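Chain IDs A, B, C, D and E follow the sequence of writing; residue 1 opens each chain.
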Amino acid sequence: MPSTSLIFQSIVLGVLLGGLYALLAAGLTLYFGVMRVVMIAHSAFLILAAYLAWYAHRETGIDPLLTLVATVPLFFVAGVAMQRLLLTRLRPATLTMMSVLLTFSVALTIEGLLGYAFSGTQRRIRLGYSSAGFEFLGARIAAVKLIAFGMAALALLGLYVLMKHSRFGQALRATIQQREAAQLLGIDTDRIAGYGFGLGLATAAVGGTALALDTTIYPSLHWHWIGPLMAIIVVGGLGSVPGAAIAAMTLGMLQSLLQLELSTTWAQTVFYVALFATLAFRPQGFFGGRLAQRF
Amino acid sequence: MRKGSELPLRAGRLRTSTLLHVGALLAGVAVALSFPSMAPSPYEITVGIAILNYAVLSTSWNFVGGFTGYISLGHGAFAGLGAYGTGLLVTKAELPPFAALFVAAALVAALAVPVGYAALRVRGASFVIVSIALVLILLLVFQSWASFTGGSRGLVVPRPFPGMLRSEHHRTFYFLFAALLGVALLTWWIIDRSRFGMGLKAIREDEDKAQSLGTPIFAYKLVVFVVSATFTSLAGGLYALWFGDLDPVFQFSILSGAYMVLMALLGGVRHLYGPLLGALIVGYALEYSKVEYGDTPLHLVVAGLLLGVVVMFMPDGVIPAATALLARFRTSGETSIREVTAAELKERHGQGNGTDESEVRNSERSGSGG
Amino acid sequence: MSEAEAAAETAARPSLATVGLSKAFGGVTALDSATVTFHHGKVNALIGPNGSGKTTFFNCVTGMIRPDAGRTTYRGRDITRKPPHRIARAGIGRSFQLCRVFPRMTVLDNLLAAVQPSSLAGQLARAGRREETERARGWLSRMGIEHLERAEARQLSWGQQKLLELAGVLMSEPELILLDEPAGGVNPALINRICDLVRELNAEGRTFLIVEHNMDLVMSLSDHVVVFDRGRPIAEGPPSVIQSDERVLGAYLGV
Amino acid sequence: AGGSGSGDSSDDSIVIGVSLPLTGDFSEPGKGVERGYKAWAKIVNDKGGLLGRKVELKILDDQSNADRVVSDYEQLIGRDEVDLVFGPFSTRLVVPSARVAEEYGMLFVEPAGAAPEVFDQGFKNLFYAAPAVANDHYNHLADHILALPAGERPKSVAYAAMDDPFAQGTAYGLKEKLEKGGIKTVVDEVYPPNTTDFGSIAAKIADSKADMVVGGSQYQDGVNLIVALQQLDYQPKMAAFSTAPTEPEFAKAIGNKTEGILAPTGYTQKADYPSNKEFVERYTKQFGKAPEEDEANAYTTGQVVAAAVEAADCASQDPECQSKLIDWLRGNEVETVVGPLKWDDKGRPQSAHMIQQWIDGEIQIVLPEAQKEADLVHPKPAW
Amino acid sequence: MLRGLTVQVPAGAIVCLVGPNGAGKSTVLKVASGLLAPRSGRVLVDGADLTGHGPQRMLAAGVAHVLQGHSVFREMTVAENVLLGGYTLRDKQLIAERVEFVRDLFPVVGERWTSLAGLLSGGQQKQVEFARSLMVKPRVVLLDEPSMGLDPKATGVVFEQIVRMRDAGTAVLLVEQNARRALEAADTGCVLDLGRVHVSGPARELLADPQLGELYLGGRPARR
C-alpha cells in the first residue's frame, strides 16, 4: 500500500498532467465537435511546436515561453491555410472520414519532415530551472510542470469564453452546420471556418510549448499522444469542451494514481478501457454531447 | 460491367470484354505464379512476398472499408493478433504451425465480435477512434505482458519447415501468400455481387434508410467486420510463419493500418482489384523510396503526400479515374442511350418530363461557393 | 359469400393498430398515449399541425425509435420493440419526410438493395438476377424514370428522388406503406402521377398510410383520415366528415 | 543502391554488407556505428586492404525496422552477393538478421546485440564484438558494493529500467547480484521505450528513500529520470545509470548536476591497447571528434572479422570459407580497441565493463582497480 | 443550367416563379443572392450592378434569401438560430424588438426557445427558419418554397407575412410548388422550364390559362 504522501504526490502530478491533456483535447474537440473534422494531425502539430521551441532555444538560447509569440500566430496562419486549401475541398458528404485520412497524411508528413530535419533522436530543452521545484503541502511540484499547467489553464479558459460567449463562436458553429444559410445571414464563412481551424492549431502551439518544457520529444511522439487524446474526447462526449476538460482531468488523475500500483504501460491502458467502456455503455459520452450519435 | 449486360445493344461488345477480362485475369495469374522461378535471387522473392502480403492485407481491409465505408485505421491490430496468436500457439501450445494459423484466425474472429460490437454501434468518427485505440492498446498489452508475449524482447516463431533451404522457404511462402490472396479476392468478389454485398453498400450510403428497407444493418456490419478481421489475421499469421520474428512495435503499428487504407483507397475501394493495384503501387513505391532516399525519413513524407493526394484528388481511386479517362476516348455511346430513351419518354409521357436530360447530365458540382 | 362481402371483410381487418403509444423527448411529449387503428386495404391519411407527432408516430411504429409506453400491432402481431429491419420484413415499408435515397448508387441498384433475402443462401446469391432486375425495371417504368436506371441517384431532381424512394419502398414488397409528405416540394404534375400510382397499388391490395399537408391531395386520395394534435388523435373518419369537423378546423386548418 | 563505399570498387575488392538504422528510432546510435565501420574501412584500405584486396562497405538503411533489416540482409547476401556481412545496431534487429546470416551460413559479428536472449537462440555463427554482455556490465560495481563494510553498504535499492532487452539487462544483472548479497530491492519499475514523463516513477523512487538508485537506461530516458528525481529533491547515496552518463551531451542535458553518477562503459578513448591509439587518432582526423562507444564497437567488429579473414586467408560467401572463419573465431583471441576478446560457444564475450563516475565535472574510470583514474566517491555528493 | 433569362422584381411587388422540378428556380435565387456566380448576365439591385458579389455584399444591399429544404443550424438552439438571423445587426434594442416580433408570429419559436433546432419536427424547423429570416428587414426577399412542410395554419401565417412585406414596400421573389396558392398572392407570375422563362405575366392571367394549368400547376386532382 503506497504511503499517503505518495498518493498525494500522485494526485498533484495527475492534476498537472490532466491540465495539459485538457488543453489538447479541447483543441481536438473544437475541430471535431464544431467542424466535424477528425484532426489526427493535432498531436503532430503539438510535437512540431515543441520542436520549434526546442530549436529556438538551442539556437538562440531564448526561453521557450517566448517562442509562443511566434508559434501561436504561425500556427494560427497554418490552420487557416490548412482549412482553406485542403479541408474545404473535401466532399461534405464524406468530410468526416476523408478528413481523418487527410489529417493523417499531414501527420505523417510532419513526422517525416521532423525526422528529416532533426533526426529521430529524442530531444529535450535544457532549462536552467528544469530541475527546480518547491514544496506544496508535503508534495513537491516542479516549476516547469506548474508553468505548463498555468499555460494550459489560461488557454483553455480563453478558448471556452471565445466559443461560448462571442459572436465568433456562434458564427463558427453556424458555418459548419449550414454553410449556405450562414452565408445568407451575412457571415463570412470562409474566413470564419479558417479562423476556427487556426484557433485549434494555436492551442496546439501552446500545448506543444508547454509539453517541451518538461518532456523529451521525438518525431514519432505524436502517436503516443493521439490515443489518449482521442479517448478523452470520446469519453467527454464528442463536441463538448467542458466534457473533454473534465474527462481529461479525471483520466489524467486516474493514470497517475494507477501508476502507483501498476507499471506505466498498464496505467496508460486506462484511457482505452475508458474509451471502450464509454462506447459499450454510453456511446454519446459521459458529459454532454447530445447529438454525438450523428458523428 | 453487369449493368451493361442487360442492354441488348451492347451484348456483342460485352462478350468480347468478358473474354478480355478473363484473358487478363489468366495472364495476371500466370505472371504472378511464374514470378518466383524468374526471380534472379531469393531477395526478389521476398519483395514479392512483401507485396503479396500488402495485397492480402489491403484486400482484407477493403471488406470493411470498401463495402460499408467505415474506415479503420487500426486494422494492423488484427494482423498483429494473427501473427502473435500463431506464434504463441506454436511456441506455448505446441500446435503444428498451420493448425496454429487457423486456430489463431478463429480466435481473432471471436475477438472481433466484441470489438465490432463496441466500434460499430457508433458511426463515422468514433469508429476510426476505436480502431486507432485498438492498435495502441494492443501495443501496450503486448509490450507489458512480457511473461506471456515476450514483451519488447520479441517472439521467435519456429520455422514451419525445419531444414528447408532459405530460398525454398521463400518460394513456398510466396505461393501460400498468393493462395491466400486468391481466396480473399474470391470472397470479396462473391460478396460484391451478392445480395449481402448490396445490403452492405446500402449501409455505406445511408444506414437508417437501409434499415427501414429491412436490412439488418448491425448484423451485416458485424459479419463483414469479422470476415475482414479473419483474413487480416490469416495474413498476419502467415507472415509470422514466414518471417519468424515478432516485435510488438512493428506488429501493432498504426502505420501498417495506414498503409492498408492508402493502398485500398489508391486503387479504388469499390473495385475488386483496387487494393491489389494499390498494393503493387505502394509496395513498389516504398521499395523505390527506400532505395532512392534510403537514409532519410522521407519515406514517411512520401506516404503522407501520396495519401493526401489520393484523398484530395482521387478519393475514388486509380481504377475509376482511369475508367473515366477511357470512357472519354470511347464513342459517346453510353450517354446517348440515356438521352434517346429520355426523348422517347418525353413523347410517351407528353408533359412534365421535359427536363430529364439536363438532370442526368449535371452531377457533382457542389452547390456552395460564389 | 359473395365477392363483395369478402372484399368488405378483408377491408375491415385492422392492419396497423397502436394502443397507448407514448414518447417524450426530454420535456416534449411527442406522442401522448396514442391509440389508433388503420384498416387493411385502405388509403389512410394522417394529418395534424406541425409538431403534432406524425413523424414520431412513424418512427415508433417502424422501430426507428423506442416508444416509452404502449403497444403496436400489425395484423394482430405485436411488433412493439422489434428492430426496424424485422418490422420492415414483416411487411411495413416507409418513406422519409426529407427524402432518402442511396446517393452514390445507381437508380437500379437503389432498387436491388431493397430486396431482402431471408436465407443464408439467399444472402450470398448473386444480386440483380434477371427476375429481380425485371421487377425493378417494372417499378421504374411505373414511376416513369426507367430511362434513368444507370444514373446515380444523387443526380436526380427532388421530385425524381421522391419517385425513386417510393419505388425502392415498393420493391421491398411491403403490404403496408407509410409515406411521410410524399408531395412536399414536388411539382403538381408529378403529384398527380404519385396519386395515380397510390390508387393503382391500392387497387392491387396494398394498404397506405400517408402523412401530408396538401389538403387537396389528402381529401381526394384517402378513404380514412386520422387527425393528430399534440401527440394524440383528436378526430377520425372519412375525408368529408373530417373536413367539417370543428376540432380539426380549429387545431389544424386554422380557420 | 544506397550503398556508400569507401575506396575504389574494383571487382577484386572485398564487399561487406551492412544494414543500419540510419533513420527511425535507433538512427542516432546507428549513425555512430556507421562512422565506426567507415573509419575501420578507411584505416584498413589505407594500409593496403585485407588479403591485399580493398574492402568496400555496402550499407543499407533498415529504418530501425525488423522487416527491413531482414530484407536488407536478404538483399545483401542473396542479390548483391557480398563477401562478408557485419551486424546491425540494436538487439531487436540483431536476432532476425543473425538468423538470415545463419541460414545462408555466413559469419555474423555484431556490435550491438548485448542482451542475454541474443545468445539463447542457438546461433552458431554469431559473435558479439564488445567486452561483455549486458548483464555483466555492472559486475565490477557489484563486487565493489558487496565488498564494502556493512555500515557503508547501501541497504535498499530502487531500480528503474527501460523495457528494452539491453537496458533492462544491465540493471537486472546488477539487481540479481545485489539481491544475492542481501541488499533489498524497494522499487522495481519497467517503463516502455517511448516514455517521456517520468514524474510518477521518480515519485515512487523518491518516496521509497532508497539508498541507491539504478537506472537501466539508454540515453534520453536516463536524462529524464535523473531530472525528474532532482525535481523531487531525492538524494541517494549512490546512483548508477547505464549509457546516458557516458554520452558527451550528458552533463549539459541535466544542467551539470552530475556529481557522483556512476556508469558502466566498455570503451575508453584513453585505453592504451595498441590499436586504440591508432583508432582514436585517425578517427578524430576523419570525423573531427573522438570516437564514442558505438563507434568503437563497430570498429571492433571490423577488427574481429579482419582477424578471422587474415587467419583463414579467405573472404567470400563460399560455405567452406565462412565456416573456416567461424571456426577460427571460436578458438582464438582477438586484439581489439576494447582489449583482447574471446568468446564462449554461444558467442558471448568473456571480459567485463569498466565503471566510470562523474567526479568534479568530469567522467573518470573508478573500477576496476587496475584501470582506475580516480577513487570511487561514496556516498555520492548531493546533485 | 440557366439560359438567357430575365426576371424583374419591382419594389413592393410579389413575383412568383413556378416550374417543374429541376427547372432551375432555386438556381435563379442562388444567383440573385450571390451564392452562385452566373456564367454570363448580370444581377442588378436598385440599378446597381452587383454581379459576382458574394452573399455578404448582397445582404448589405438588402437582399435576403430563405433556402429551399432545411437549413436550420441543427446543433444550435432555436434561440441561437433566431439571434444569428440578426448577425449583421448591432443595435441591441432593435434585436430585442425583432425577437419579440417573431416569437409572436410563430408560437413554436417561443415555446422551444432553448431546445436544439435539429430536434424539432420538419415543419417546426421550417418555421424557425422563416422566423430567422425575419430578423432583418430586407429590401428584397427571395423565398424558396417557404410553405414546404408547413401545416395549413403556418402556411397562412407565412403568406400573410409575405403580403405584409410587399405592402411595406419590400420586393418579394417567391418560388412555390404550391403554385395556385402562390399565384393567388402574387402580382406577377413567371413560368420557368429548362432554365428559360416560358411565360410570364400578371399572376391572375397565368392562373386562368388552362394549358399552363395542366402542364405546370397540376389540374385539381379529381375526386374519387
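One rule holds for everything that comes next: a contact is a pair of C-beta atoms (placed from the backbone, for glycine too) under 8 Å apart; a residue touches a chain by one contact, two chains touch by 3 or more.
Keep in mind that what you see is a predicted model, and the values were worked out from it rather than measured.
Q: Using the touch definition from the top, what's the fewest steps needed to get from subunit C to subunit E?
A: 1
Q: When I count C-beta pairs in contact, which pair ends up with more: A-D or A-E?
A: A-D
Q: Report back the single chain whose CA centre is most distant from the CA centre of subunit E.
A: Computed centres place D farthest from subunit E.
Q: Using mean C-alpha positions as chain centres, tell me how far subunit D is from subunit E in Å, no decimals.
A: 78
Q: Please report how many Å separate the Cα centroid of subunit B from that of subunit E, as a whole number.
A: The mean C-alpha positions of subunit B and subunit E differ by 48 Å.
Q: State, to the nearest whole Å, the distance from the C-alpha centre of subunit A to the C-alpha centre of subunit E.
A: Centre separation, subunit A to subunit E: 43 Å.
Q: Could you grab the centroid distance between subunit B and subunit C? Build each centroid from C-alpha atoms only and quote it in angstrom.
A: 39
Q: What are the residues of subunit E that contact at least two other chains?
A: Correct list: 20-22, 35, 54-55, 215.
Q: Can you list the subunit A residues in contact with two or more other chains?
A: 115, 120, 180, 183, 263, 265, in rising order.
Q: Would you give the residues of subunit B that are in contact with at least 2 other chains, written as numbers and ranges?
A: As it turns out, subunit B has residues touching two or more other chains at 140, 143-144, 296-297, 299, 351-352, 355, 359, 362, 367-368, 370.
Q: What residues on subunit C touch subunit E, complex-wise?
A: It comes out as residues 25-26, 28, 48-52, 54-56, 97-98, 157-160, 181, 184-192, 195, 199, 213-217, 220-221, 252-254.
Q: Please give the residue numbers of subunit C that touch subunit B in the complex, ascending.
A: 62, 64, 83-86, 88-89, 93-94, 96, 100-106, 108-109, 112-117, 122-128, 133, 144, 146-152, 154-157, 160, 168-169, 172, 187, 189-190, 193
Q: In the complex of these two chains, what residues of subunit B are touching subunit A?
A: Those in contact with subunit A are residues 69, 71, 73, 117-119, 121-126, 128-130, 132-133, 136-137, 140-141, 143-144, 254-255, 258, 261, 265, 296-308, 311-312, 315, 366-368, 370.
Q: For the complex, give me every residue of subunit D touching subunit B.
A: Per the stated touch rule, the residues are 1-2, 22-24, 60-61, 63, 65-68, 70-71, 74-75, 78-79, 92, 95-96, 99-100, 103-104, 115, 117, 121, 163-165, 192-193.
Q: State the interface residues of subunit B toward subunit D in the complex, per the touch definition above.
A: 40-44, 46-47, 50, 140, 143-144, 146, 151-154, 156, 166-167, 243-245, 247, 250, 290-292, 294-297, 299
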